[in-house]
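In what comes next, chain A is part of two complexes: it sits with chain B in the first one and with chain C in the second one.
The block that comes next holds the complex of A and B.
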């Protein structure tokens, strides 16, 4: 299989148009160019509005950036992509100014390129293994920017291609959860010809792409276009439907469903279990972001309320923490502070999000940890105690362990706190399938290749398997599971 | 979309609604709740299911006007559609044959208590039910409660019906009279707090069904968290019923007031708009 891919890539690379392009510009000219910069909305304007921070590359710059790519014989960048995008091919299509062609290359393996171009941690994936990074020690090709460019170009062209789907085979497959894992699985299953229904517990499709990631980083409109595309491919969506509660897996099997993909997410926020954490004004990041993004609480036209504080502390250093703290700033916070127990180097957030947050006036209190919260007579948080930390020996994650500095405690006035220290797997599905094998953490145990669980007809991926990961890893799981389900159905269901 | 098929007005502020929701009707058990949302701009609120009819594919909710969403819902008419209804959510009540069960319902909390009373009765228990409200017109579902209870005691604050006094007095009367093996209390948080203090005095195991603020209702947000036995639990997936003697009701009361000001402001605004319409 792997050899086939290598052969395939070689064959693609040897096509005339690619060879011509390579000859059109000397390698030295390509490598001597500066990496393109992403145009951004002014930090002092954007931190008061919901407009998207990155405004996207203009055509000329996209082409110039694509020209930097050397079209390597062994494209190491692809090793870093969880969904195996044919990166050199799509980049070269941009260089050749065939932008719709570039988009269709992306869509061969990635149903949501406009999303991934915006939220993937490219610096840890494709761009980390780019030839420029590894060998030339220069800034990598801006693969993420180019991905976004091609996807946006296609969407704005009005010529959005609907991927080809196989003739319908009439076999019903259920997808549980409409986040990135579920959408990726649904897209591939539809391509294989299955009758796919996506079940979503909330009233809107999109999962974390809708309730979690804010508008200024991923506009809802972009997610909706991708969802519409899936609809055009024949995927059906059922909102307000909680599999395991509204109907059991057995009920659905009786309705003819032959297999399921579970991408129910890691929807159980963790708290730190420190004194005062249940005071009013202290939210999980899930609650804070859901109120703002899904329920539009900051818009007075909507019924859902939210507390928008003047002094907001966000606990944690991941992408969700950055999303929360930047949201707080946009809701009018005078001080919006990140409180993180390690140093910036250990932060799990994307480098770009940290940069954007700093530009927008977010304060960073790294190497600090909350110890206790205090409240006024109405139970509203008004102060917190924090402790300074220092870094000790590396722990199991390989990051240096934060160690408290005794006697360094002090107080900060806060009126809103957002706890963003990670999530646990949502227990609803494991509870609904008593014979499903789960880990001690509550994540579903699956075969790494097929994503099949201990219940043969149930496959799973994304955070319910990984416990907390990224959009792109979830999508990679969804695609793998779709292939796994296809194989399973070919072997078992059709044989009977 | 769930269509409203029947509506019955219990009192000025309390109505019974029968909604079309065949899947939920089939899957729900006593103790389960739904989350509803009205219109695209609505908020999500939890409501416990009072009963269901599998053949007709309906669920019954009893709604008291306390804020914008509950008022909008209570003001809807037969034929109107509720935009979003999801459920059944939460863990079902653990119903078993245990002996004598003392059920106490305050105000609109009587509605979610009804399926529990029915469940315990059908499991072969002796069920004594105390229904409490401010006055006679706020006592609801009395007839249905009588059908499944060995005895119903009515308490009103003003003495306009049944006995004058609080729910705890009615409960205490029963406890002093006979052996009670289990108690279930549902109503406003303050009522559940005192009802549970009463049974604690006599060491009677007690369940309370908590009605906290929720957003998604599936464990995702943690808005509904409460302290039970010193541990943080989520009402939506760990509850809604908990060992009442372990629940920190004072914390819960504070948390219920988290949006007091916004809620009052929104409600006043809403009342003005409805007045202009009518």
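The block that comes next holds the complex of A and C.
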């Protein structure tokens, strides 16, 4: 199988147009170029609005960046991509100014390139494995920027292709959750000809892409275009539908559903269990972001209570923490503070998000940990006690464990606190299927190749399997599961 | 038949035999068994900060082995120690609730704390879960050579202060004998609000295997000879404290229980002897105490408790004699 991929890549690379392109510029000329910079909205403008921070590469810069790529015979960048995008091919299509062609290469393996180009941690994936990073010790090809460029170009061209679908086979498959895993599974299942219905618990389609990632990082419009495409492919969506509550798996099976993909995500927030955490004004990042992104809490036209605090503390150092704190700033916070118990080096957030947050005036209190919250007479949080930390010995993950400094406690005035210390898998599906095998973490146990769970007709992927993954990993799971479901139905359902 | 009823930490115990915090007291089934065999009270297995950290590391390793679980960039895994702690604490609170629903004897929870941080606040949740009392197992490792003993002692007092502020249930403190001025420290624990002191904590200790030239663990279970130091300090302190005293370490049989009561202990804590002989051993211990009291004509424990404490001795120096001066100097 791997040999086939290598042969396939070799064959693709030897095509005339690629060979010609390689000859068009000397390797030295390519490597001597500086990596392009992503144009950004002014920090002082963007931190007061929901405008997208990264504005996208102009055509000429995209082509210049694509020219840096050496079109390596062994493209190591692909090793870093969880869905195996043919990176050199799409980059070279950009160099050849065939931008729609580039988008179509991306779509061979990635249904949501405009999303991934924006939110994937490329610096830890494809770009980390780029020849420039590994061998030349130079900034890598801006693969993420180029992915976004190609996808945006296609969307804005009005020539967005709807993938071809097989003739409908009338077999019903249910997809639970409309996040990246569910959407990817739905797309592939529709291509195979299944009658696909996506069940979404919330009132909007898109899962974490909508409720979790804010507009300034991933505009909803981009997600909606992808959802529309799925609709055009025949995928049906049912919102406000909780599988396991609104209808059970058995109910759905009686309605004719032969298999299910569960991509119900990791929507169960975690708290730190410290005193005062139940006071008003203290939210989980899930609740905070959902209220604002989906329920328009910041909009006076809507009933959702406004939660724009003046002094907002966000606890945590991941991407969700960055999204929350930057959202708070946009809602008018005078002080929007990240409180993280380790140092910046250990932060799980993307480097770019940390950089953007700093530019926008976010305060970072690294090596600090909350101890207790206090409230006014109405039960609204008004103060918190934090303690300074220092880094101790590395733990099993290699990160240095934070150790409190005795006697270093002090108080900060806050009126809003967002706790963003991770999430747990959504327990609803495991609870609804008592014989479903789950790990100690509450994630669903699946076969790594087919994504089939211990309940034969149930397949799963994304955060419900991985605990907390990236968009691209979730999508990879969704696609793998779609193939698994297809095989399962071919073998079992059709045989009966 | 003598009356063995004992008041400890304001609680009424049917007898002064308490099973110490140990693996014997970490499950409902085992505690029900201890109850059936007549124990006076149990101290639940301690919940340790160190244990939580080890569990977190174990879970992380397990997650990494299972490649499906995503460990990089994960906010959840960044805070895995917090989540494990939450889970462990949740399990502990469930244990308290379940044990309380199954047995009538007092159930004393135990927290191992080394700082005044979150572990003290956990005390409130323990109280809410229904524990009858709380035993704080405190030991500040003396490996920080920059800190002086006053600073270290202060941590003990701060922990007691903090916990007493938070809870209404009685609080005892289990300590080691390793203090420069042990008696004063115990008195000061009382001044800071402790309702009882448990003397003493017995630590896991290292040993060396000379054949393999390796550091190993010393024997886990205690021996009866280890009781002597406890006996000395129970006798010295019992007349000097208003708070209760639980004698612990090396108490293996009824005879040892009687000795500790004579020295002034309110209750005695046992673990090793029950590990060795099973929960039925409690029946034998109680029988011995009963028979001894009958033989001596005591109807209830207060008639003899502290009879041989230092304060009541004609020659109090007997508990203070530390050096075997003449004895050793005469050995040729």
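Note that in this section the second predicted complex is superposed on the first by the 496 of 496 C-alpha atoms of A that agree within 3 Å, B and C clash if a C-alpha of one lies under 4 Å from a C-alpha of the other, contacts with A are read in each partner's own complex, and residues count from 1 in each chain.
One rule holds for everything that comes next: a residue touches a chain if its C-beta (ideal position, glycine included) is under 8 Å from a C-beta of that chain, and two chains touch if they have at least 3 such contacts.
For clarity, every value in this text was computed on a predicted model and none was experimentally measured.
Shared-chain residue A:273: touches chain B and chain C both. In the superposition on chain A, A:408 contacts neither chain B nor chain C. In the superposition on chain A, A:169 contacts neither chain B nor chain C. In the overlay built on the shared chain, the residue A:387 is in contact with chain C alone; chain B does not reach it. Touch criterion met: A:426 reaches chain B, while chain C stays clear of it. In the superposition on chain A, A:121 makes contact with chain C only, not with chain B. In the superposition on chain A, chain A positions 271, 273 are in contact with chain B in one complex as well as with chain C in the other. Residue ranges on chain A touching chain B, taken from their complex, read 201-203, 211, 239-242, 245-248, 251, 265, 267-269, 271, 273, 277-281, 283-284, 286-287, 290-291, 295-296, 301-305, 307, 378-380, 426-428. Against chain A, in their complex, chain C makes its touches with residues 53, 56-64, 66-83, 85-86, 89, 115-118, 121, 124, 155. Every residue of chain B that touches chain A in the complex is listed here, in rising order: 23-24, 26-27, 37, 41-44, 68-69, 83-89, 215-216, 218-223, 225-227, 232, 234, 237, 251, 254-255, 257-259, 262-263, 266.
Touching chain C in their complex are the following residues of chain A: 121, 124, 266, 270-275, 316-321, 342, 346, 348-350, 371-372, 387, 395-397, 399, 401, 404, 406, 420-424, 439-441, 443, 446, 448, 465-470, 473.
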